[in-house]
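Structures incoming, each one as structure tokens.
What follows is a pair of complexes built around chain A, which joins chain B in one and chain C in the other.
For the complex of A and B:
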């Protein structure tokens, strides 16, 4: 059975390879698929049994539920201030009195999920000496890295979907407002973007686990990058922007705007910022523009909501960047892994 | 017998003479009394009257006889102009004999004799001038004639008055105009006037008595002698009445006379127009930096023609709105003209809704409409994003091929 050309056929193939118990037909395919499937299933089983996974799941579940509960308490005010549209989405995007919003929590803790699932993927096995044994089996070498990546994405997808459904359900109970069709579609998009975002961090930690021999080092490297992007990138962007375009209180508006744009563009190097902007726009249709604009651009504009297509178009570059960064990270990991010398 | 006759002849002739004398004498005496005492008078209060052609007039007659053997009097028309007609009327009937009253007769006897008239129908086609009618009353041994002098004149003396308080009112065609008019009956009889007015087609006119609680419309007014009644002539012009001056003749008509008056209404033109889209939809979609044509309808809803309609717009900065045609020279009342507005948003416009105000102006009036323009982001960069992802996918597949399958 060949891979197939269309996306549907490819997905069917992947499903068959990974999950179906049907015996492969030809020898070559048998070896390959057996290897990928076996490794994928082994990785899934490992993740679900690990205490690490449980801790991370509990962490984001508790924070997520807490934030939605907190948001639902303040939803009345939000409706008063911003109007009645898309109330259900406000559960995810608006922050309560005490806690940040659900989206903000995922933006901050999502990288932790990706990192925790991948930081010791390869070097951990190397340390335990299991990798050479796996590779001694009649399987393709890339099945290892592919399996680890696919299993990680699967785990994170299950986690995200489950969490969003859980907090969404909780939100319906707390507010009594069912979501509209557009809200459901926007939530689905939010889930997809979240999975891509977490996958990026998974790929990055996979790369670190290949680059560093010690698991502690790769974990630290991952945490360093995460904190840098999540917290310091914004500060650094401001510093760089001020250095390139110096402004003070008496600067003309155009210069200030230039500074702000520069700062924003620099901060967009951070995947966290990209994710924040993308999810904020998807979850809040009232957002029409990202970053500062001149007053003249807003002249004559009526406050209103954007249709879904326009919201997606607005953050399409963000989504593209996240997908591209994820793929590049994976490609790097793949190349590094394939070229690495693995000794028992 | 003969001898006795002869012998007695003087006696007989004497006695015959006496008898003759006795017979004649009283007759002679009676005739003398008739000639000396019997009089008959036929009279009317106003024997000379001015009349209009076609009019019917009544002359109340009085027949008085004194010293007559019989008070029955024969009435007749001696002469009347050609084409005229007349008859005696008493107690609602045509009569030819009347029982003459005596001078100084008591009231009771006079009653019923008052009701004697001579009715004359003046022909409607008669030239002006003086006409005479001779009437004759003939009693026993006495007669009298009465000459009625009728001066026919087109213009007769009018005894009523129909006066408007303000003869000329001014306003737009949408208004309702009330002319206060007073009608006076100056004659000595109660008269009923039917009211009428002559207005252009489509107009409404009604007569409403003044100072009454409920606004009743009346068609006629009954007035006692000397009384004056005020009423409103309410005129409601047709909606699409063009500007100008309109004369409205009004008339109050009674059988005896026709009172006329003229009202004047000056309709000032109204200037009104609306600017909207043919479907009434006031939103449009446009892409940033790209022209979008919106069709508009301009309608003249006033009663006057509009001249030199110009258009302008108020739009966000860096937007442009042009009109095609950019000017309408003239638009007749009730007409609609289609124009196009070409809206071009700023090339850097942020996606979302904007307000563009479009205004049509003349020197007299203006109409404004607000258009909600939704700016959409061009999908160009979306496609670029897809291409970038595709390139990376191809690169990944290439990496699989080169490095995989070991």
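For the complex of A and C:
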């Protein structure tokens, strides 16, 4: 069976590879498939059994539920201020009195999920001496990386879907407002973007687990990158923008605008910022433009919400950038792993 | 041995890491059903050779074949007939012994029912029946090694490669391990390649050994012939003690042309000669009616080979 060209065919192939029993095509095709499946299942079982997964899940679930609860308390106010369109989505995107929004929490803690699932993926096996034993079995070398990646993505997908459903259900109970069809679709998009975002961090941690010998080092490296992008990138972007385009109070508007655009573009290097912008636009149809605009540009605009297609179009570059970054990290891990010496 | 009995074959197999030659032009043939010991000090390139045989490391030059499959081009075929026990074998600590074996079986795409039967059979064979459902984290080093043997045998390999299988286990464990390895060859008719630096343990069970130092095979063959190979071309040193006066002995050996030098110290003569003159010398001593108290050809037994190559960690004196 060959890998198809369309996404649907590829998904079908992946499904068959991982979960279905099928007749072999060539001598070792069956072995390869069975090997990948065994690896995938083992990784999946490992994740679900691990305490690490439980801790991260608890952390995310507690903060998620707390943020939605907090948002639901302030929802009346929000409806009065901004009108009652897409109230259900506000549960996810608006922050309550005390806590940041659900989306903001996921943006901050999502990387932790990805990192925790992958930081010891390869070097952990090397330290324990299991990698050479596994690779001595008739499997392809890349099956190890593929299996680990796919299992991680599966775990994160299950986690995200379950969490969004749970807090969504809680939101319905708390506010009594059911979601409209468009809101459901927007939430689905939010889930997809979240999975891509977490996958990026999984791939990055996979790469670190290949580059560093010690699991503690790779974990620390992952956390360092995470904190840098989540916290310092925004500050740094401001500094760099001010250095390149210096502004003060008397600067003309065009210069201030230039400075702001530059700052925004620099900060978009951070996947966290990309994710923030993408999810904010998807979850809040009232967002019509990202970044600053001049008053003259907004003149004559009719206040209202964007249709779904336009929202997606607005953040399409964000989504493709996230996917591209994920693929680059995965490709790097793949190459490094294929070329690395097996000797412990 | 016939050509078609060759199971493992290497041709000028070479591996260099940034200028350092780990394995240098190795030519090795291992025959069906034998136990071959690849002996050498640490860092001699044994593990590198094994990794190249399994297709886990690419050779810089040369070729390796197992059962006729090219190890670099066709590692899948090689890995389905070869069982490999790495040195310092590791298991998933939070899984039981059985679960670890099951995972290996699944990686080999084995049928679940057959796999369960095979696991039970192998667990019993390596004597781990009681510990089979305990987590591997609780196993001793010897138990891990035995679990490793079971792990290797899951796929019913024709060839078994063991890297330092007796390292770090107690004498009783070593005994058990060696008897298990012998069974693999004699009862199961598998070809076994053992790499080790513990010559004394391994020599008991090997049909043939290769001595591997600094990436080069310096001798290869049956243990009895090894010493000859190693000492070939070098002057022979003979230790001898005879129950007679020093002068009498000196006059006796005068007739031997091959002798280059004789030293005397505390009743012990050390004779350096071009060839092995033991037979002639003993005959001459007997004919004079002296009795021979001690006779030893230095460099002729494994102890000498051992101290020459192994104790110095690969430094050739």
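Observations, loosely collected:
The rule is short, and it goes like this: the second predicted complex is superposed on the first by the 332 of 344 C-alpha atoms of A that agree within 3 Å, B and C clash if a C-alpha of one lies under 4 Å from a C-alpha of the other, contacts with A are read in each partner's own complex, and residues count from 1 in each chain.
The rule we apply is simple: contacts are C-beta pairs under 8 Å (C-beta built on N, C-alpha and C of every residue); 3 or more make two chains touch, one makes a residue touch a chain.
These numbers were taken from a predicted model, which means no experiment stands behind them.
With the two structures aligned on chain A, chain B fits next to chain C without clashing. In the superposition on chain A, A:38 contacts chain C only, with no contact to chain B. In the superposition on chain A, A:140 makes contact with both chain B and chain C.
Once chain A of one complex is fitted onto chain A of the other, the partner contacts of A:293 are limited to chain B, with no touch recorded for chain C. In the superposed pair of complexes, A:304 makes contact with chain B only, with no contact to chain C.
With both structures placed on the common chain, the touch criterion links A:317 to chain B but leaves chain C unconnected. After overlaying the two complexes on the shared chain, residue contacts for A:341 are found with chain C alone; chain B is out of touch.
Using the contact criterion defined above for the overlaid structures, shared-chain residue A:265 touches neither chain B nor chain C, since it reaches no partner. Note on the composite model: angle chain B-chain A-chain C, taken at the C-alpha centres, equals 160°, rounded to the nearest 10. Superposition on chain A leaves chain B and chain C with their closest Cα atoms 7 Å from each other. Residue overlap on chain A between its contacts with chain B in one complex and with chain C in the other: 140. Contact residues on chain A toward chain C in their complex (touch as defined above): 27-28, 30-32, 34-35, 37-39, 41-42, 49, 125, 128-140, 341-344.
Those residues of chain C whose C-beta lies close enough to touch chain A in the complex are 47-48, 51, 54, 56-57, 76-77, 79-80, 82-84, 86, 88-94, 103-104, 106-109, 148, 151, 155. Contact residues on chain A toward chain B in their complex (touch as defined above): 140-142, 288-289, 293, 296-302, 304, 306, 310, 312-314, 316-317, 319-320, 323-324, 327-328, 330-331, 334-335, 338-339.
Residues 315-319, 346, 348-356, 372, 376-377, 379, 381-382, 385-386, 388-389, 392-393, 395-396, 399-400, 403-406 of chain B touch chain A in their complex.
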